[in-house]
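After this come two complexes, each holding subunit A, first together with subunit B and then together with subunit C.
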Partner chain A sequence: MSYLLTSLSKKHEVDSIIRDTIDKVLVLRFGRASDSVCLQLDQILSKAARDVSKFATVALVDVDSEDVQVYVKYFDISLIPSTVFFFNAHHMKMDSGTADHTKWIGTFHRKQDFIDVVEAIFRGAMKGKLIVNCPLPPERIPKYQLLYKDV
Partner chain B sequence: MATLADSFLADLDDLSDNEAEIPEDNEVDAADMEEDIDGDLADLENLNYDDLDSVSKLQKTQRYIDIMQKVEEALQKGTEVSIQGVDLEDDPEYQLIVECNALSVDIENEIVIIHNFIRDKYRLKFPELESLVHHPIDYARVVKKIGNEMDLTLVNLEGLLPSAIIMVVSVTASTTTGKPLPEDVLSKTVEACDRALALDSAKKKVLDFVESRMGYIAPNLSTIVGSAVAAKLMGTAGGLVALSKMPACNVQLLGAKKKNLAGFSTATSQFRIGYIEQTEIFQSTPPPLRMRACRLLAAKSTLAARVDSIRGDPSGKTGRAFKDEIHKKIEKWQEPPPAKQPKPLPVPDSEPKKKRGGRRLRKMKERYAVTDMRKLANRMQFGVPEESSLGDGLGEGYGMLGQAGSGKLRVSVGPSKLAAKVAKRFKEKNYGSSGATSGLTSSLAFTPVQGIELTNPQAHAHQLGSGTQSTYFSETGTFSKIKRT
Partner chain C sequence: MPLGEQSESIGNRITNPKVTSKTSTNSKENENTNKNKKKKNEFEFCKVCKLNHNQGLRHKYFPNHIKSLSNFLSRFRNKLTDVRFFLINPKFLSPHLASQNRFWCVFCDVDIVELHSSFACADGIRHLASAEHVKNLKHFFWKNGGSVDQLDTFMVSDDDVAKWEKKCAALQNEAASGSGGCHGAVIGSSSDIHNQPNNGNIDSFENVYSHSVNSYPSSNSVLPLQFYTNENQISGLSGVHNAGQLGYNTSVVPFEASCSGETSFALQDFAVDKKSHFSTNKGVLDNGRMLSRESSHHGLQMLTQISSVSAENAGGNVHSGAPPPWFEATEGVQIHSIPVLGGVASHSNVSGKSKKLNPKRVGAAWAERRKIELEREKRGEAVRNECDPTWLPNFGRVWQSGTRRESRREFEKEKRKLFNVETQSETPPVKIQPYVSKRMRMEGGGDLANG
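After this line comes the complex of A and B, so read on.
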């Protein structure tokens, strides 16, 4: 958890931030402080937060608190960390070649990758699209398997 | 010698006002000439090259002797009573200083005249020396050292000149076209050199005296640049009032050495700074800031000189204030720039791209434009199957490329729009319509039955080319009638 980014643990906090972020991409990271991958993602987010501050807001949601389990269930968050993108209270999907388009699982290889993803979402949202393509080449997209959830 | 004097005087014919006098001078004896000649120092046409005294009279004048005497006394007395504040103009010391300034300028002029004299005499012996050694005093010293010697390896010029110049001088001397001087000419030349050196030392004495009094004369100026430099500036300008009337850019150049020697690179020559270079403020600034510091110094010292010329601030407070200001400014220049804050990235697509236009961009775009060949290949004629590169409809289709009848796939390059406009303007400028048409029409007329008809090979391609260019709008024409409303 970076001290520069807002971290949320209550449902109404999450509600308000989703409602109040106007004309900016909202990046919500669902994760916990003990996970190492999550910490890696947190560091990248905190470094990039200032750079994209003109068109994006970054916030962290603790997945272990009871209040936000509603959201965890809604977004079907099972792998940690998961990042969900919003624009003007619309949920933005991104096709990165993986099975799940509704969220981004895992961390980014570089700060620039994160910025590229946020920019793609912003451009698509400004055009009115609800799903965008991922600008990263496949080798930089973390691979994961959803199989064990289906089992 | 007579022929030499003749040729010189003939040259001066253009300059002289009293032409009647000159033919007379030629015949009259040397002793008589002195009586005819005017006592004016700078009178060119009266220069008699045989005798030094007629050329340089300063040392004989009463004024010179008086002032030198007073200076000697004052120097021996040392610093005594300071100048009374209010009635500066009446104070005898101040008068002396003013006269000293004028005298130093006169001495300067005198030295130039004597230098010319020495140079003209020594030309027989070593003509190239004058272009190698510019400074009059250095020239005089070198001439005195060399004397009538033909072999320069026997002469030791160490200490008189920088070693590079000594080398050039020795090399030039070995190939010089000069001949040794006759004895009397040589003695006159050496005497002139001595006189020049004496004048130079007198000038130094005068300047020393002025320098010692500088703190009372111009307190503000001497606080900023130091009393030695202040004295030199005042001396070169010709007085405090003259110095205060100069603009600061001129003050910066007072005392600047001119003329880089031929063969030495001008890349390292420092740009045009005079006596200001010798001030301690200038010497203590780091080299990258020196030009700015010089300008600043010149400006502030001009202001101080102006204050001093009207005795506005005898205590020197203004000078100290200026000096502090200068120090502060120089320090500020040396501060590191403030650290850069990383800026957040701009919102994507919020700043519209600056679209450029103009001839240059159009020429750049022409390189990527769709060519005539591509245009033809993209179109097809109705009802006519197109050929393709692999035959039978496989491979790339050729469209209308080979179909005009010649069977060639090549399309000659039609005139590009830019080139057409340029050509049109060129034609309008130069030719106007001469009435003749294509250069390929000949006066010989062959009938098609008999012989060969010269065809214009470009006409064919133009037919095709015009298929890709619009036929309704002309490429080069403008409006036919423009009514001014």
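After this line comes the complex of A and C, so read on.
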């Protein structure tokens, strides 16, 4: 299913997609194609990609590729799949009640959840907000334990 | 006197109940009349105004509703202009455009997708002509109070459908009487990059297929298996509509790579002639009207030539540059509606999405600069400057205080530290020496001193 979405493995590819997506939300999934949770998320992303195509672009980044490790460190990605949202090359944060607002960790329960999240980000971005609230109820937000630096 | 007073009060009390009972009945009557006057309705949702109200059937007369109704209808009418165009000028529908031909019918609350049609908007036209749709349309107008003359713009009469079908048959005829490989040519000439890699294969397979089908008689006989009956293909078919053309084509490519020559023509049919396969199905399902298109392969159709209706030509057509007939029809409707609804046009301009993007949106300045850069590149003026390999997007890590830029600076610092650590580790390893304690040193020194 993920052959429908662009898959990126080089830093300059990631750079160019971030720089070239103008006035649309860019959804970057960091993960591995072999991980089961990633696959589930990819399935949802590919189904929803067309529905949100007017205001969002979806792309997958392979977290195992060496070129991309600088991004993995920059975004502090320790759990996969991690989804990072951008708008006009600015990073968008979402407060979903978890510890990490900078990215979405885990998969979505339904395709509509993903669409709602992207819509919330788009609406916030169009209003000039860099951080938005998550429209999903807490039971549909995946929980996880963040590993802190000093632990 | 107290007794007297008491008796009076008792008397009053005796009379009071009557009074109270009268008032209570009066109040009950009042309630009834009130209820009769104000029927407390349940809240319901108005699809047109997109709000909940408890005004019941009165809602359709309110001015706000009338305004939103005219907006709503004009928007849907615009969406139907495509369908109307294809009603007058039927064109072949190539599968990769099928996904663009869909629309949502607001009266029936159903999505009209072009699944089995070889002509553009065929399903849409049929839907608009169907009795179910007309029924829903009338119900909608009753509920929301539209004027009756607008009904015609949202449906297609049976006469129109008949005319359209004749034109489709004529078109098919022309296609058939043209070169045999015209379908291949149609695909080849399309500048769709998705189809280009398949072109060579398609043409060669097509000849194979046309020969094999040639040997078969008319539509009623059994035709060879035209597609794989496994789940891959079914998912591929559904994939066309859900995932767009890209999915469709990429699902075909692995098939082509893996299959052998004998089954390849059946596969090719799946790849190329999806539309004609579906037209076969339809030939079975529909009534005699579609019989002319029944024989599956377009190259072999035994169509009856219809005489071109002279009346249509006299009025001017697309080729002569005449205005389309529905323009005159809708102009009349629009002119009629504008004076009725006053400032609807200005209201709709204000309420519609403003073309100008919010200048306060995130990254607006960056977006403007980037757009200018891209335009320059398109025009070929500015050489594409190589992306700085150390460029990173504006990202804010998890942090407690400070701005985003600070978190970025932190990251840069860490990167430099990491780099330094790496360079340091390259220096020769420290020489390991045995530990000499102070006492030993002292004793050693003391011995010397003493000795």
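Please note the rule applied: the second predicted complex is superposed on the first by the 146 of 151 C-alpha atoms of A that agree within 3 Å, B and C clash if a C-alpha of one lies under 4 Å from a C-alpha of the other, contacts with A are read in each partner's own complex, and residues count from 1 in each chain.
Rule of thumb we're sticking to: a contact is a pair of C-beta atoms (placed from the backbone, for glycine too) under 8 Å apart; a residue touches a chain by one contact, two chains touch by 3 or more.
Please read all numbers here as calculations on a predicted model, not as lab measurements.
**Q** On subunit A, do subunit B and subunit C fit together or clash when superposed?
**A** After superposition on subunit A, subunit B vs subunit C: clash.
**Q** A:Met126 in the overlay: touching subunit B, subunit C, both, or neither? Say first, second, both or neither.
**A** A:Met126: touches subunit B and subunit C.
**Q** With both complexes superposed on chain A, which partner does A:Phe108 reach: first (subunit B), second (subunit C), both or neither?
**A** After superposing on A, A:Phe108 lies clear of both subunit B and subunit C.
**Q** In the superposed arrangement, which partner chain does A:Lys11 touch: subunit B (first), subunit C (second), both, or neither?
**A** Touch status of A:Lys11: second partner only.
**Q** Touching A:Ile22, do we find subunit B (first), subunit C (second), both, or neither?
**A** After superposition on chain A, A:Ile22 lies in contact with subunit C alone.
**Q** For A:Phe85, decide between first (touching subunit B), second (touching subunit C), both and neither.
**A** neither
**Q** Mind working out whether A:Phe30 is in touch with subunit B, subunit C, both or neither, as first, second, both or neither?
**A** Touch partners of A:Phe30: none, neither subunit B nor subunit C.
**Q** Once the shared chain is lined up, is A:Val52 touching subunit B (first), subunit C (second), both, or neither of them?
**A** first
**Q** Which partner, once the models are overlaid, touches more of subunit A's residues, subunit C or subunit B?
**A** Answer, by number of touched residues of subunit A: C.
**Q** Which parts of subunit A are in contact with subunit B and also with subunit C?
**A** 50, 126
**Q** Inside the complex, what are the residues of subunit B that reach subunit A?
**A** Counting only subunit B, the residues touching subunit A are 342, 344-349.
**Q** Note which residues of subunit C are touching subunit A in the complex, please.
**A** Residue positions touching the partner: 242-244, 246-247, 250, 357-358, 360-364, 366-367, 370-371, 374, 387, 389, 391-398, 404, 411, 415.
**Q** So in the complex, the part of subunit A that touches subunit B is made up of which residues?
**A** 50-55, 115, 119, 122-123, 126
**Q** Mind listing the subunit A positions that touch subunit C in their complex?
**A** It comes out as residues 3-4, 11-12, 15-16, 18-20, 22-23, 46-47, 49-50, 70-71, 73-76, 84, 86-93, 99-102, 124-130.
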